[in-house]
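Next come two complexes, and both contain subunit A; in the first it sits with subunit B, in the second with subunit C.
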Partner chain A sequence: MSSPLATALIDYLGALLLFTMIVILGSSQLYRTIYAVAAQSAFLAAAAAVLAIATRNLDLWVIAGITIVVKAVLLPWLLIGVVRRIGVKREIEPVVPTLLTLAIAAGTVVLSFQLAASLGAVRQTVTGNALPVGVALTLLGVLVMASRKTALAQMVGLFACENGIFFTAIAVSQGMPLIIEIGVLLDVVLGALVMGIFVLRVRSSVDADIADLSRLRA
Partner chain B sequence: MPGAEAVLPALAQAALLVLLGPLVSGVIQKLKARLQCRAGASVAQPYRDLAKLLRKGTVQSDTASAFYRAIPPLVLAAVVCAAAMVPVVVLPAAGGFTLGDAILLVGLLALARFLTALGALDAGGAFGGMGASREMTVAPLVEPVLLLVVFSVATAAGTTDLGLIAARRASDPAVWHSPDLLALAAMLVLLLAETGRIPVDNPDTHLELTMIHEGMLLEQSGPGLAAMALASHTKQLVMMAVVGALFFPIGLAPRPEPLLLVPAALAFLGKTAVLALFVGLVESSYAKLRFFRLPQFLGMGFLCAFLALALRVL
Partner chain C sequence: MEASLLWLLPAVPALTALTVLAVRSPRRLAVIDLMASLAVFLLALRLGWSVVQHGPVRSGLLGADAVSVVFVLLVGLLVAAVSVYTLGWMPRELAHRGIRESRLRLYYALVHGFVATMLLTVLSDNLGLLWIAMEGTTITSAVLVGFHGHRYGLEAAWKYIIVTTIGISFGLFGTILVYAAAAHAQGGALRALSYQAIAAVASQLDPGIVRIGFIFVLIGYGTKVGLAPMHMWLPDAHSQAPSPVSALLSGALIKCALFGIIRFHTIARGACGPEPSGTLLLAFGLVSVVVATPFILAQRDFKRLLGYHSVEHVGIVALGLGFGGPVGTYAALLHVVNHGVTKALVFFVAGDTISRYRTRNMHAIRGLIGIAPFAGTMLLCGAFSLAGVPPFSIFVSELLVVRAGLGGGHYLAVGVFLLMVAVIFAGLVHHAGAMAFGAAPAGADRSPSRLSPLVGMALLGAVMLLLGVFIPPGLDGLLRRATEIVLG
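Entry: the complex of A and B
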């Protein structure tokens, strides 16, 4: 595959990743954010596949496959399972108003583009806009985690944040060593499992939400 | 001053948009009916409604001022003028349309919106006032989105003239960059908002507390109502044509010759059918948003448009 085509495709996928991020930030339905983060992971796998063809790096194929299986199917399925189990309210209650979150998101994206522009030498030819988009995705994932009250909605933010780190890594360095990628993925899966069990346990034993756990009592 | 050969195609295209506007509404209605397992009215029903309204007399509220009667023709005129800015089947000659650019189009649509709200307030009905107030709440969220999308595309094409934008993008397929994806997403949100479709407004309800656009038309009757309805049908098709001109300028005829016009017209019908299908599917599968949730939905469109511009400029 020619390099300009790969760059263009990565740019398109970056725009789609940003779009799914906007859906996660702006929608008020828990299910919709989970589907959006699943779609985001699928786009991420497509980006990995494009880079795998462009750089003839076999490891990236493996990473794309694992991303599809784990992040686009397994983790969303797990999240939806937890949502069904605890019968949580499906509407997201943001800590700050959603419009304000969207405004902060706009500022964050501009900031990450400015940041990436100052790193001129790091921006490589094949990656196009991938570095600023990846940084923006990571920061927006943190924003999602910071602006949501329930643990499940924060988990969606964690996955989105992880997707951003992943996108930055594969686009800037054309793939980290496979063992590191798998290690990171295992971390996320483990984190999701722990958080899922935690949410279930907390819900079943004290019937409280994460937002209620702000104060320790003797 | 542009010559007749520059103005005539623009006027012919505006006439085409006005004539086909009700048909698109009819097709969307039919599609929705079929999706709900109803037979539905014929696709020509909007035309019949217009013909019926034109035969009726006008009933006017006692409190309405003399300006009230002038409002429907003015709204229709503003929308028809906006329709003349959009390339539908023919690309402009080398010098561009010179009738007006995308910013004038946004301004004319804003003028139509303002006049509609003014008429609703003038009649003095409670529903009209509520509809006008809501329309004016939605407007500042909708208009900047269209402007941002236009700026994002215009930055790439180097002009704000819709005809020239379409011509540049049609001649060079590589102009489709990644920001266009986000701009298109914003434009689709905008299409639903500007045409008063379901997540934003419900075109089927009358006398409900949720309505926006229909609420403003409650006090209109007879030919005046026909003009307002025709204006909203036309506005819908104008927005669809703007989407086509900005993002899919394929198949536009470079010169007004019959042999080139036929495929161009077919391409236009195809694009419009796809957008009508999109609107019909969204209308059938989503519930109307609560009014205070609207800023959130439109804010997503705004952010998409903003990022489309940011990706292009930064």
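Entry: the complex of A and C
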């Protein structure tokens, strides 16, 4: 595969990643955000596959495979399992009005591209627009977490944020070392498991959403 | 031999964590815990000795230089002290049903897993591995924070894991940006993540991307350190954890996160000069000291008070790094050790006090010195040390921080810092004095202390006093070498 084609494909996939992020930000249904983050992970895996072909880097195939299995299937399945177990009584209640959230999101994307454009020659080490897209996704993930009050919606934000980081990581020329990527993914899975256990334990003992507890005060 | 020490140090607690899962007897668990911790301490001393004698060691993804040795020794000392303390603390905790006997082995397994990840963090030469290990500390310690299983503990644990995980995601992004800069300057994927390789070519890195990378890392790892305004989780987590774990969280873990910031500070200094990263550290440090002050004054909960103190003291470390120069950097590293030892000591006292009075409300704790003379004395000594009073260790490092600030011409920052320290001194002496003196309430447990918590406190108290009076030549040499490495 020629390099300009790979760059163009990475940019298209980057646009799809941003689009799924907007869906997560704008949606008020928990199931929809979980499916959106699963789709986002699938696009991320596709990006890894494109780069694997373009750079003939076998490690990236492994990363694409793990991403599909872990982030596009396993983690969403875990989230849906938790949702079924606790039976979601209410949908997402945004702390900030959705329209305002989307406006902030648009500003964040523009700023990320501005930031990346200000960098010099080093930009070439990252394929296409993966750097600004990665920055934007990371920041928007935080926005999701800050604007949601339920634990599961916050976890979706966290996964989306990590997708952004991975997108930039695989697009750095040569990719990240495989052993490091696997270690990071292992942490993501373990962290998600622990969070899931916390959510279930609080739901079973006090019948409340863990992110909604606010007894501890200064 | 030296290279195998690098692997052995995290491997001993990791294997211990797996071993204790198969053990049920509380007595046997306590013995294994103590043995493993003493082994870690001895290995840390051995590694420290060999790095001082023969210079940095490296093996694959791991490596140790003078900077990492400072942190390894601190972790080793605190782990040993915590295990000694736990010997006598645990029976009381079991009696009060704070921890159920059936879950005891899980507790020890998590503590040792936590220690293994902390040691891996400070022994990582690879910046990616550093991140993985740091996230590992979050996962293991979050379960420990919520170990009591009541809603307060779980609330604190959730806040802790969510805020610090999102925080250090920023750290990962910063790491990737620096990696991109290094990959641009030189080839080889694994080499481009090796700290020693990056530090060697730091001056050739693109300053623009390294600056952005450092900002991401400072915010990311700064969340884990507890720098204001990313500190909201810290007083909750440090106050809800079981007391020996609080001692490790406050004494050792936040220092390990500081280690990450120090590594990137060195790289940023090489790439962009001392200005950008130093100024940012100074700003975050000053904000942390200022933000912590009112909460320290108005605090009622003993352990939350100590949590806010940690925010203040990591702020002081950041200030020392921000003032920079040999004096400021030396002061910051010394303060890492001093605060780690002192804060673990005071959390030991807090654990003993809370189990005697069955409350954490400082208004209900009176006359500690009457019912537990040694713990009461240690409370006063620790509080005076935290407040920066001679002859205790923190006085020395705070004085050096002030000297570095005045030497660098940061008069305003030094003025604000001294004002806050004076206010905190008054507040802390008031809190500690009220708890130590007066008449103890009738319900307080007056039974004599077990030996081992006293030994744990005495050990840390002795180090605290010793470092206030003089700095042993070996430690001084180590800190000087570490200062040179941080300054690049």
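Keep in mind that, in the parts below, the second predicted complex is superposed on the first by the 210 of 218 C-alpha atoms of A that agree within 3 Å, B and C clash if a C-alpha of one lies under 4 Å from a C-alpha of the other, contacts with A are read in each partner's own complex, and residues count from 1 in each chain.
Everything that follows uses one rule, which is that a contact is a pair of C-beta atoms (placed from the backbone, for glycine too) under 8 Å apart; a residue touches a chain by one contact, two chains touch by 3 or more.
Note that this is a predicted model, so its numbers are computed, not measured.
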* Could you tell me whether subunit B and subunit C fit or clash when both sit on subunit A in the superposition? => fit
* Asked: To the nearest 10 degrees, what angle do the lines from the C-alpha centre of subunit A to those of subunit B and subunit C enclose?
  -> 150
* Of the two partner chains, subunit B (first) and subunit C (second), which one does A:119 touch, if any: first, second, both, or neither? -> second
* Of the partners subunit B and subunit C, which touch A:15 in the superposed model: first, second, both, neither? -> first
* Asked: In the superposed arrangement, does A:98 touch subunit B (first), subunit C (second), both or neither?
  -> first
* Partner contacting more residues of subunit A (subunit B vs subunit C) -> C
* **Contacts of A:172 with subunit B and subunit C, given as first, second, both or neither** => second
* Quick one: classify A:109 as touching subunit B (first), subunit C (second), both or neither. => first
* Structure fact -> Superposition result for subunit B with subunit C: lowest C-alpha separation, Å, rounded to 18
* Check subunit A for residues that touch subunit B in one structure and subunit C in the other, and list them. => none
* List of subunit B residues in touch with subunit A within their complex -> 177-179, 181-182, 185, 293, 295-297, 299-300, 302-304, 306-307, 310-311, 314
* To do: Going by the contact rule at the top, pick out the subunit A residues touching subunit B in the complex.
  => 8, 11-12, 14-16, 18-19, 22-23, 25-28, 98-99, 102, 105-106, 109-110, 113-114, 117, 128-129, 132
* Which of the residues in subunit C come into contact with subunit A in the complex? -> 61, 126, 128-129, 131-132, 135-136, 138-139, 142-143, 146, 149, 151-152, 154-159, 161-162, 165-166, 169-170, 172-173, 176, 179-181, 183-184, 187, 189-190, 192-193, 206, 208-209, 212, 235-236, 240, 295, 298, 304
* Structure fact -> Per the touch rule above, subunit A residues touching subunit C in the complex are 115, 118-122, 124-126, 131, 134-135, 138, 141-142, 145, 151, 154, 157-158, 161-162, 164-165, 168-169, 172-177, 179-180, 183-184, 186-187, 190-191, 194-195, 198, 201-202, 205-206, 208, 210-211, 213-216, 218
